[in-house]
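In what follows, subunit A forms one complex with subunit B and a second complex with subunit C.
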Partner chain A sequence: MTTYNVGDKVRVAVTHPPGHRRVPYYIRGKTGEIERYCGAFANPEELAYGFDGRPERPLYRVRFMQSEIWPDYDGPANDSVDLEIQEHWLSPA
Partner chain B sequence: MSEDRRTHDMGGLGGNPIEFADHDAEPWQKMVTAIRAALGDEPMRLMRVDELRRAIEDLDEQEYDLPYFERWAEAMINLMEEKDLLTRDEVTARMEEIRNRVGGKA
Partner chain C sequence: MADERDTKNPEDMHHPHVHEEGKFLKWDDDSDHDVNETGHYELMAEAIRELLIEKEIVTADDIRGNLEFMDSRGTHLGAKIVARAWNDPAYKQRLMDDGTAAVGELGIPMGDVELVVVENTDDAHNMVVCTLCSCYPRTILGLPPDWYKSKSYRSRVVHEPRVVLKEFGTDLPDGTTVRVHDSNADMRYLVLPMRPDGTDDWSEDQLAELVTRDSMVGTAPAKSPD
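Up next is the complex of A and B:
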């Protein structure tokens, strides 16, 4: 069971907890669109400390427009960047 | 840079030009890769790749500027200490022993 479907708009959480996080700083707070569901995976934020990372969590590939991420982006308007992000970092946008 | 942002998390920050020249791995770099496999893969599985990544990110800013494979080596020593498997002193002593055995060439 997944919360999001392809095409849904999602926003990445703005939070900076200490520790191993897979969501880069530059994408936090940005809005993108679900490009695909990648499957459910153990949480690497827990695996990084030797725990089992269970239960597995849904992972999505999320597409962001470059022009919305970088204020001075001067490439083609349809350039995008895709990041794979686990569900607990996303909320509906 | 925000205080929230960790040293390794540099996406979007200015950087130095990328060097595109191809080069072979030095023997010691291959050795570090072999040690990574010996520690991390079956049958030992003493550490996961996620743990190694985390240990690399936990290096202080100065250590993080080390070349790629030195970063790995430092992080693996820290992980072995964290897991009470080896101490840094034991690793250093062993390196010294090997250096003497090969006549100071390592």
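Up next is the complex of A and C:
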């Protein structure tokens, strides 16, 4: 049972907490579509400091259109970038 | 800085340095100063290695065995996976559905990461990057090439993939969608390149010869039969 299904539109949080984060700056605040659910994985933000990373967090692959990430992208409209984002960084869009 | 060098060693003007038997360096090459120096991180790694052995946490043989295992992984494993997928539609389906399990069938463990296989077609071309560091499917391709770890590749692929592809000699028509995969977490990616034309009756071993590292990272197509 996951919060998001394939095809759902989601937005990545815009937040800049200190510490080890796996969500690159270039994708924060961008809107994409769930491409697949990858399973639940230990939270790297905790693992990085010697904790056990539990509870595991749902991880999704999210597909973003290039034109959404870079407004001046001059390639074809379907070009995309996929990233893996854990659920606590996502909200419905 | 030729003048300064001349004062230290006037012979520099006339002869190349000879530092080791058979090893010549250009007279104006500054790199000769640190050729055999051990850097900070090498020293630290060496110290930790010695401590681990001294405290009997690992043995020298454990370390040697691990290095041997790491060196045994390489593009030949990825090529075997791709060639099998080209020749066996049922295997290809399993590979697309669950990459980790399908490479496990061939005796290749993924360790603590999962494998996602992305397929190149006439409609879509896939390429892989890790913008955060240099995550790479080492279990099936071995060590990443230097360019894969460079800041230039990592920062440019996500916003001008077609320019980068052209620099690799891969010029895609606008009708082919470019999909970049940033391996920023727990998945690792293998690009399944398109099977080259003219290889219909080829065996798996023959096909594997056409599968290059770059074709599996997505910067180039597989080799064509000549």
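Quick note on the criterion: the second predicted complex is superposed on the first by the 93 of 93 C-alpha atoms of A that agree within 3 Å, B and C clash if a C-alpha of one lies under 4 Å from a C-alpha of the other, contacts with A are read in each partner's own complex, and residues count from 1 in each chain.
The criterion applied here is as follows: contacts are C-beta pairs under 8 Å (C-beta built on N, C-alpha and C of every residue); 3 or more make two chains touch, one makes a residue touch a chain.
Keep in mind that what you see is a predicted model, and the values were worked out from it rather than measured.
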Comparing subunit B against subunit C, which has contacts with more of the residues in subunit A?
C
Just to be sure I read the superposition right, which of the two partners does A:Trp70 touch: subunit B = first, subunit C = second, or both, or neither?
both
Which of the two partners, first being subunit B and second being subunit C, lies in contact with A:Glu84: first, second, both, or neither?
second
Once the shared chain is lined up, is A:Leu59 touching subunit B (first), subunit C (second), both, or neither of them?
second
Partner chain in contact with A:Pro44 - subunit B first, subunit C second, else both or neither:
both
First (subunit B), second (subunit C), both or neither touched by A:His16
first
Given the touch rule stated above, what does A:Tyr26 touch, subunit B (first), subunit C (second), both, or neither?
both
Is there a shared patch on subunit A that both subunit B and subunit C touch, and which residues make it up?
24, 26, 44, 69-70
Residue ranges of subunit A in contact with subunit C within the complex
22-24, 26, 38-39, 41, 44, 59, 61, 63, 66, 69-70, 73, 75-76, 78-86
Name, in rising order, each residue of subunit B that touches subunit A in their complex.
2, 4-6, 9, 11-12, 47-48, 50-51, 53-54, 57, 83
Complex contacts: residues of subunit A adjacent to subunit B
16, 19-20, 24-27, 44, 47-50, 69-70
Per the touch rule above, subunit C residues touching subunit A in the complex are 114, 116, 131-132, 158-159, 161-162, 174-175, 177-187
